[in-house]
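Order as written gives the chain letters A, B, C and D; numbering starts at 1 within each chain.
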């Protein structure tokens, strides 16, 4: 093959062409870059100028001049967008062509102007030394990679895995066995929650001996002196104290010991331990726990539930009627516990110092989480019936660790747990569509359940003398004889409650509907003894004390009726302020949370 | 959302308006995909013939130009053999993933050809190689040190690509595909910058992507070491003229090794034993390191990111909700489902981190050990692993024909 | 020297490339990118829930897979009809009966005897409360799609979305006349039905009202088919009917005021008997995005029942003042 | 004489070859796990095969990217994240679902008072939808394909207020069928998937058979 001559001028020319093309390419590159930047900076399709002008046009629709302006500008900006794209594209093609020219020129030069290989000078044979050095360098590189990786791993080491682990375990029905066996004695002799009949045995019986096993939680006698949770001891709506006031007037101040403003709203009810009254309040941004001095009504301390790991940044959207702080707090006399609509759970000591706090995961709850907390021994019981994952769990009061956790196959509910001693064991009674269920309060094992409730369950159950009463609006009122195989004693759906929970003595069941009708049934047969319309919306749950039933309607008027088979109104005492919260009663006093204020009633 | 029966009457047009049909163009005909495979086989056969029989640099050049135009500019890059690694991996791990036969062909066929003829695929079929070969105007020697160190990158890249493909996270080779934008005259800005950088550095460092990034190159490298035939610099006996010594732009010519290792044998054996004991340790250390990194690694997975976002919502109240979160909310999926999915993926990444790290550790150990084994050879020979069979060196060899074939030469 | 500079330059570029890849891979969260072409419907859907005149008190959950029709009957029982099934609940939401039907019921009505009239796409089926088929009418035509039925003491009014016409029939299924066909002479505008929602109802004063969704109007017709009057205007505003074709459903209260439901911007509103906007029952925030087919009914206690086919519930609203009557 | 090294090489080569053969064989002949609606081309014994709208098993199994409009949330990523500019995803008008409304939710900005084609009333950022009067009160809406950038604004408007006849689809004449679609990578709702090339559309809400016959081959 004949090799063509390589005339110098040709090569020179080619070099020049290549150089010019390269220059051209660089200029094109810059132009394209500028164009691209412009397009991205200005974003003509979202031109704010056009937007504001259209807004103006919206308020001034007859301005023909403005309309013209909008149209022109809109056209221009769209044109700018497409032209700019066309320019970039054309620029790209030109760039490619110029690069192609460079490549052709250089390749031709290379072809014509083949350099003869210059013999490289013979180096000292460094082959073996090179290999040694190479080994070392590879080693160094490896070390560097490990180092960089570890730095990365360290820097980015976040809590994701743990958080996920927690989040996942929340959804499963594992019971953390380790803690359960450590903290809970196998004997389930109960001591919290019961009926009046078994009160004595509970207070004095073998329960005391087991007290010594577990230090740091109140005895039943201690509990019933106080009002430690929603609807009182065990959450059953029964107060075992005496001298409960019957007559007062919030407006005139009659029998009102003090009245104290509550900083943040909340539909939770006060809980009382000795000389302290606790409640919580929250709005979308702040969640607080308040401790009132029972004597003076002064706020002793305010604790904020903030900076809690896993707490969602945004408060959940809740129904106005539920609010951000619907669940009532609870206390075991050592600590107070509060939960909020966003799933933040906080434990404080009696001085307002935070002991622990955690987030249970944003409640998937369309009205807002409202199940109140309950205490049992040194455990905090949380009913967490959320969409997709319903469970009930017990957390160690001291640490917040999950002691046991039981999954529930139920719909979302708004009812609260009730702890009742049923003769042999302490049962935890929960209601949610589709069933009322009982769990061993000590270890969370399900004892029995009965399909007898449906809908969006708000009322909690009532327990008396071996019978559990459950009710929900658009469902039915059911009396369940408990035992190994629970039996439906009777049912009725004439009067149903939406919010207030029923309350029962051994003989009677008292029910208040949310539209204000109070009904009394025979607890064993279901025979209706009386009904009475109070004609006002009622959200607060009735409380039974000293043979009377305290029914407070939404306007704040307390209707006190005899707990008897005939209707007999004792007295009606107005608060002078609306209220939807269940009153708390201790010896000689009633604490009522009004819409804005906390009232202490007594003499 | 419910889009159940959307039954409704069509408007009754009185003016004789005819409702147009909804026309959608159909994708590329399937027969063309089969044609691609045929052309791949054909191109590989031709290039192998050019390299091994014709020994013509010019032939290689024109063949690579053809491939650049066909596989690059006409076929616009996808699917390519490099990217097919990920499809194969995903198909192995995810039984529901459907693997088109062409993808299998694009993965397997070049490997088989390499097994018989060396890396002729790189020389004249791969459009990426062709493009870079074209711009290698001023190739510089990098020195064995840099070659050794930078040569580790493809292993890491391959490992990561397999990890992400196996977990169904992403195809990162395709994500950082540098040249596909050029083939399509259309890409995101970042991709163009990527291509620009590679091509500019490719003027001085020949084939930077092939040598220091290409994950498929790792496989080809290893397969090629055991190839049945391979390009030789000289068709006959090497006359030790040293003309070819600097001819390879890829530093892939092994110069003769005729001296013995100056270190004494005892020490060498000791070192070799030591390093072979070190390899399991390196593997383990790498694995451990990799496992430490698994959360960072998993952060690439969108499901993990979503779970993280749900768990730790952005601090700023005023910030608009991220699109991922919006989509999650409108999907009506339970958070628990997202969490358990994410934690499952996280587990996979933990195991994957061990395997990836272990693999990288093993490779480092092997590369060190390999540089201890002596390779006695007197001729200038192409390194079978690293050589791209571009046939540049052939042009430099003064020995043009095998003496035994001289009778047939008629020029 | 020059060579070295080139190598260093090239290496630096390569290194930058790898660093960029690492950064992009690990420190890039595409979720954070905002949408430059966002079309935010939420601002259109805002509404102060405290401003509603009604409050939702209850939901009745249904187990029908797809529900299309809602009606109330004697004793305020609630009737639901959908694909392959009918459910009957009492006024408290307790399931009283449930039976299967063959085919899909697009709408339901209940007559004074408690018989259930089902619009089965192109024909009508009448069943008694226990589900026994009493009568099946013959098809109105292949393209018929019955979207609403109203039954009075002597007539049945049937809205056929497929043929864009209302039929007046006697109770045994004989057609008396067709109402609402486009007729320039009688000044009847004709129904425009771009989506399968076409509702009618009999007002307490026994007048016939029909939605003309394509015109965003409710139109009043005499029984013989004369166009009497109409009201309603299109628009996003709270007093108007939005979107492509609305209202999708309506019903009337005893005082003759209208309750309307819309899709697009999902809301339920009340208009006075004269068609003047009076109050909101539910804002879009109460519904899942994209909810459509909010069939409405009222009962003797003037509760408003709305069928939510997405949540698969009947949602019951009561006037805020008289919550007690719930 | 084959040296020991050569013999070893042959051995390794043989095993690599065998490995590759096994791998490809396994990949070609293995059966996918049974899935609800498959796309696994494993239609044998499928109880739903009679009323299945999916294509019959294909030998080459070519797949293309497509987006499922029923999962789409109109996030705008299709416009911004495609490797192509303008995107390969464009709005498709399913006329068979259109109500031919005067007040079109996909055409007009919310709150538009005068229903005309004036620029200030149009929702589309590129004015790619053409409105044509058919007869009272019907209007035909057509997509001007070259102008459409696939932002999905009109899709959102149409599905919120209308029948959802405007839907985003990957246009296979434009799509370069990347091995990993970059929109799919960033799609927040996971609406993108690989679908068989023989049935490359995922239009929703009405009889698919109706459109497949309409697809220009």
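What we mean here is this: a residue touches a chain if its C-beta (ideal position, glycine included) is under 8 Å from a C-beta of that chain, and two chains touch if they have at least 3 such contacts.
All of these numbers come straight from a predicted model, not from anything done at the bench.
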{"item": "Most remote chain, CA-based centroid, reference being chain C", "value": "B"}
{"item": "Inter-chain pair with the most contacting C-beta pairs", "value": "B-D"}
{"item": "Gap in Å, rounded to a whole number, between the CA centres of chain D and chain C", "value": "30"}
{"item": "Approximate Å spacing (C-alpha centroids) for the pair chain B, chain D", "value": "28"}
{"item": "Distance between the centres, which are taken as Cα means, of chain B and chain A, whole angstrom", "value": "48"}
{"item": "Distance between chain centroids, defined by C-alpha means - chain A, chain D (Å)", "value": "38"}
{"item": "Junction residues of chain D - those touching two or more other chains", "value": "75, 77, 85, 99-100, 111, 125, 163, 185, 188"}
{"item": "Multi-partner residues of chain B (at least 2 other chains)", "value": "1, 6, 8, 11, 175, 186, 296, 299, 302, 322-324, 330"}
{"item": "Residues of chain A engaged with two or more neighbouring chains", "value": "45-46, 152, 156"}
{"item": "Topology of the chain contact graph, where touching chains are joined (line, ring, star, complete, other)", "value": "complete"}
{"item": "Residues of chain C that touch chain D when the two form their complex", "value": "30-31, 33, 35-39, 41, 44, 192, 194-195, 214-216, 234-236, 242-245, 263-265, 289-290"}
{"item": "Complex contacts: residues of chain C adjacent to chain A", "value": "26, 36-37, 49-50, 57-61, 92-94, 323-326"}
{"item": "Chain A partner contacts - residues on chain D that touch it in the complex", "value": "85-86, 109, 111, 113-114, 118-120, 125-127, 147, 149"}
{"item": "Residue ranges of chain A in contact with chain C within the complex", "value": "43, 45-46, 152, 156, 320, 455-456, 473-476, 493, 496, 498, 514-516, 535-537"}
{"item": "Contacting residues of chain B [partner chain A, same complex]", "value": "134-135, 137, 144-145, 148-149, 152, 156, 182, 185-186, 189, 196, 242-247, 255, 257, 259, 261-263, 282, 285-286, 289-290, 292-293, 295-296, 299, 304, 307-308, 311-317, 334-337, 339-340, 342-343, 346, 357, 360-361, 364, 367-368, 371-372, 396"}
